[in-house]
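These are the structures in question, set out in turn.
Shared between the two complexes below is chain A, which has chain B as its partner in the first and chain C in the second.
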Partner chain A sequence: MEHHHIEITEERFDFNSKTKNFVFMLIALGLVCTLAGVFMLKGEAGNIMEKRFWGSMLMAGYYTTLISLCGTVFIGINYLSNAGWSAAIKRVPEAMGQYLPIGVLTLLTIFFVGKEYVFEWSIPEVMNNDSLLQGKSSFLNTTFFIGGSIVFFGLYYFFTRYFRRLSIKEDKEKDVKIYHTNRRVAGGFMAIFGFTFPVISWMWMMSIDPHWFSTIYSIYNFAILWVCGITTICMFVLFLKGRGYLKIVTEEHLHDLGKMMFAFSIFWTYIWVSQYLLIWYANLPEEAIYYTERKGIDFGFQFWFNLIINFLAPLLILMTKNAKRKRNTLITAGIVIIGGHWNDLYLMVMPGVAGEEATIGLIEIGPTIFFFGIFIYVTLASLAKQSLIAVGHPYIKESALHEITP
Partner chain B sequence: MYESPIRERLITGDKSYGQISADICRPIENPPTKAWWAGFSVSFIFLCLLVLSLTITVMEGIGTWGVNKTVGWAWDITNFVFWVGIGHAGTLISAILLLFRQKWRMSINRSAEAMTIFAVMCAAIFPLFHMGRIWNGFWNLPLPNALGSIWVNFNSPLLWDVFAISTYFTVSLFFWYMGLIPDIATVRDRAKTKTTKWFYNLLSMGWNGSIRTWTRYEVVCLILAGISTPLVLSVHTIVSMDFATSIVPGWHTTIFPPYFVAGAIFSGFGMVLTLLVIARKVMNYEDYITIHHLDAMCKVVMLTGTIVGTAYITEFFIAWYSGVEYEQYAFINRATGPYWWAYWTMMSCNLLAPQIFWFKKIRQNPTIIFIMSIIVNIGMWFERFVIIVTSLHRDYLPSSWIYYRPTWVEVAIFLGTMGLFFTCYFVFCKLMPSISIAETKAIMPYDQLPIAKARMEQEKLAHSH
Partner chain C sequence: MKPTNFIAGVFEDPELIYRAAKKMNKSGVKIYDCYTPFAVHGLEKTMGIERTRLSIAAFIYGCTGFTLAVILQWFTSYMDWQINIGGKPNTPVLVTFVPVCFECTVLCTALGTIMTFWIKSKMFHGVKPDLFDDRQTSDLFILAIDADSNKNHDAINQILRENGAIDIRTKSFDKNHSLIQ
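Coming up: the complex of A and B.
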């Protein structure tokens, strides 16, 4: 009846050896940087090497896991909100979620081997001599930490697989019932995610400074997950488009992704200000210490730089309509946002772990390159396993003809 | 723009453009119905009650209220926050849902925006009158005055609130009125009598429907939408800071800003549902505000209710986790102290009750939706009451602990603001198109467009030959 014609065909991503080698190089580079950093610092007094090593491992592991998890959250939210525009790119977030089990495994390994350098509450002598920490011991203990992580991440991974399995099935059977099943399941996933993700952020990040607390902290972590995840989706889409894939993805879709990168950078800033302003204003010692440490001589520059790179830079780069539709500006903004939130996570982890001994060297940068390398490998490998275009999705035509009305 | 066939139709009943104008203008053009008179009269009686109770407050003083030295803020601020919150659905629908291209907003934005304006008017009454000397109300503004060193305190979130709320009111009013102009012109063009023509002509500001007027209209709307987007967040963020910047246990908690915003949207949608479930029936708007519109709104209610619930649980957990005994006591006292009933009303209305919206059958049942919307209103009123009163009534000095009870004057003021709100709403429904005519026409399903119908005719002819 309607006069719209567009060809929607399956596409296969070829994860060729050239790309593979590039990713392997990235992983190797990360490994070399990390090892070089370890050797340079080895044997220094006060366990400096161990603290910096495990701190940066946790940062990198947590960062990649968040981004990976965002893939599934993106899918879930798009199902629930009945979104049509994103159908053309949905294979990207689906693939990103496939890294989750590796992410959790690395996080748990970091915990098993390096916990005493990162989480001071895990050292029995510290715990036993601190009445405040003892009050929290029913939450801050190894059993809950490991059990909780396995159960929560296990659930997230279950949903990741479920959404993807049905979505691939939908490509073959073209049955709208499958879509509705996924929508219903997405409701369950989002509810579970909403109630459990805060716990994960308290366990893995907030307990690094075990005396400090802030109720908005989980939303702050969510803001990082969401803005960095969407940026990563955009980067993968640009990469695939650069290779000539995703033919139905146009400037219109990039515009939408750019808008989200822009908007949620501002959302992150909103949460940042809410936390900072309230703690600064009330100036209660037990809360303000968190910022006193970060605004001091050791982290002061990075602390204020954080606002510039995560708020001001995306705001200015992505402000205009054209900027959101152009490859180069989007890539610039993407590098700024991913790099900026690395700095953000550095400020969440390092002051509590290494204190005044923290600096940025090879040992901090190496693990991030290493984990990002693995993350990129897993994502690309799983993108290559099925069609890049979800041809059976009921909104795929709508997405292919997507146009932003002015 | 192409739309997937599995999407729900936003306008049902196979309407033509002319029918849309006629349907929406009908309540304005026909004499008021009995239902309208009944609703208006009841509201007006409550409005008189507002005048009476405010007069008593001003004549006698704040002593007529139940507040005292321990609970210095109670009923007044509870209602202030309640009403400001109600207003949030309007801006969310007109700004955020616009950005997210939610087309179903088109037939509900007008009444929701009107609600915003009336709700902010109701809200403004409380801070003004709680000062006691209403004639000094202008001291809120940073105006140079002849009173020596009296000057507003820029460090106080209460002053930020003055700016936030007044900006919010101004922008919402302009946005609402801008949107109304083309529709007022439609009403003008359809008017039968000279007086109505004159009246709507005056209000339509010379709208002539030319390309030029439409272009300018669209630019202004876009700018206003841009300005309102941060306002959705900023207003209730600053309201929450009235409490959260303090060091009162139960008030000082960093989650307050986003949690208040979510709560405001929750309560706002509660009120939109209360009004629209009735209005669509009484005014015969069921083809424009369809069951799928209600369904979508119920989903927003469930989502925001659950976010608010997560915030309650987070606060409780962090109070325990913090190890601060005052913080812990504040929350234990909320749940088990003298005001336990208020706390559990809040919990069950805001977190538990909206969970029934997981079921599609319930999301599409107007009766249950209406009852639920009332429950949401009650729950959100109690949320503010719990936050304010239970955090104050037992302060650091047990000898000054007290159980706050409102006086009849306070209750009357609250009921009176309800009267003001509904009176304004009834007048609005009678005078203005309560669904946006122009925007609704823009989302006509493709196969109902004249051009599509003409094309179908052509195709039929081509086949028959």
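Coming up: the complex of A and C.
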């Protein structure tokens, strides 16, 4: 009511050399950590170095690709639901999606070079001597893997570019027809995403343990994508606000993002329990082996720590209204959630790849810092190319006046 | 205890009642309540209403529901009569308790919160509506001030008139909250 005469002006993010140097240092730190880890483990018996290296590369590459993909999904869902509040921050998820081609290239490189260490089904001798795996061979083969990845991620990137191009055109022409086109296209994108993302999670994550299967696994992956993506959007918004940009973004928008971080942390737990409980109750050997490995002596601590850091910590940090509106609590919760889901992905990848040799060392942490550095660089560089405020969006004024009562 | 005598400013525009409430608060007059057909954003802040404590109540209901669910399952499936389900261990492990705990927490929170809301805002079955004007649920905005505790009626009337009230009425309710005049 009070801010009816609000000014909505274009803003340009200045990706200055100081910020650039910081991001380059992050990438260099990741590279140094990885190389140090590789040299420390070089020549150890049983291909330990290769297994841990490619496992952690896959983990970090998949993690950043998921977060980047969440940018496009966020845009798609907000178009589809005709959401107004998010118009003020929509340039951030748009920019996050620009990392997708780099993400899929790194994933495919990891597959080409290190597949025999990560995906045991890709070794012909293993495949030929295993009748169970041969039954899945129409799905678990190199052609489908590469072709599927290129087609699916290509489609996602096409939609990312499409939404962004039309949104920028909207800023210039201020035509509401463009918005309606984007809404229709978003419907198509969400349908394609919904059907293809499960396949991606089966290909890149579930086939690490090729004998094991779980029908809720793709929703579990989606829960990780969504909660980490929202958290990353929130972190970028806080970073830009700290620099004095995004003047029309207020505590109310942060409150909404905080609520989503809170709610989808609980959603992730719901899916986690659903998967665990059914496998625990049914106790089928081929399913239960997955949790037997993870609850054992090697990963037991991390397994239960996973629930504490991804469920209890966000629940307690973000429970009150004030916590969701304050910069410091949001940053704390963001670090906890992103770190927590790193641990979550570690438990999805490492027991299958490295088994009992897996520990957390430089070689596991390095690739994550490296890929996150590249992701941050691409996102910030693409934020700097366009106005930070989508001035032509039909709901931009509604978003600027957005208020949550009480 | 609800006051019995009111000065009611009647407005036709949410913007006007918002400004009037702000002026009224600034000049030190305590507003009893505003009646609007829809939520006017920011009005509750200008009226000087404190933040609701309903969320604290909801948290307590949630904890109660969780505790009740744990006690129920612990007593029925472990303490009183141990049930053998597929040879699963009979220790009180929380894994099997999770779904029921979740549902009970949600149920108790939802029912408890809505009941508290009804009781606090006196919305029972068969309650007589104490409306200032029948149109306050349709297209009129009413700013009500307690006439007994605020003595400077002329100043109040002037603020209301200056901020675009189309009518200023004095209203009285009896003990059963029904309108006398």
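Brief remarks on what is shown
Methods note: the second predicted complex is superposed on the first by the 403 of 406 C-alpha atoms of A that agree within 3 Å, B and C clash if a C-alpha of one lies under 4 Å from a C-alpha of the other, contacts with A are read in each partner's own complex, and residues count from 1 in each chain.
Just so it is clear, contacts are C-beta pairs under 8 Å (C-beta built on N, C-alpha and C of every residue); 3 or more make two chains touch, one makes a residue touch a chain.
Keep in mind it's a predicted model, so treat the numbers as computed, not measured.
After superposition onto chain A, partners chain B and chain C are found to clash with each other. In the superposition on chain A, A:281 makes contact with both chain B and chain C. Legend: residue contacts after superposition of the two complexes on their common chain; A:135 is shown touching chain B, with no touch to chain C. Shared-chain residue A:213: touches chain B; no touch with chain C.
Using the contact criterion defined above for the overlaid structures, shared-chain residue A:403 touches chain B and also reaches chain C. In the superposed pair of complexes, A:321 makes contact with chain C only, with no contact to chain B. Touch criterion not met for A:301: it reaches neither chain B nor chain C. Set side by side, chain B and chain C differ in how many residues of chain A they touch, and the one touching more is B. In the superposition on chain A, the residues of chain A contacting both chain B and chain C are 1-2, 270, 277, 281, 403, 405. Residues 14-15, 18, 39-44, 51-52, 55, 59, 86, 88, 95-96, 98-99, 102 of chain C touch chain A in their complex.
Considering their complex, residues 1-2, 270, 273, 276-277, 280-281, 283, 319-321, 403, 405-406 of chain A touch chain C. By the touch criterion stated above, chain B contacts chain A in their complex at residues 1-4, 6-7, 99-100, 233, 237, 241, 244-247, 252-258, 299, 306-307, 310-311, 313-315, 318, 321-324, 358, 446-447, 452, 456. Interface of chain A with chain B (complex): residues 1-2, 4, 80-82, 84, 132, 135-136, 139, 176, 179, 187, 191, 194-195, 198, 202, 211, 213-219, 259, 263, 270-271, 274-275, 277-279, 281-282, 284, 286, 394-395, 397-398, 401, 403, 405.
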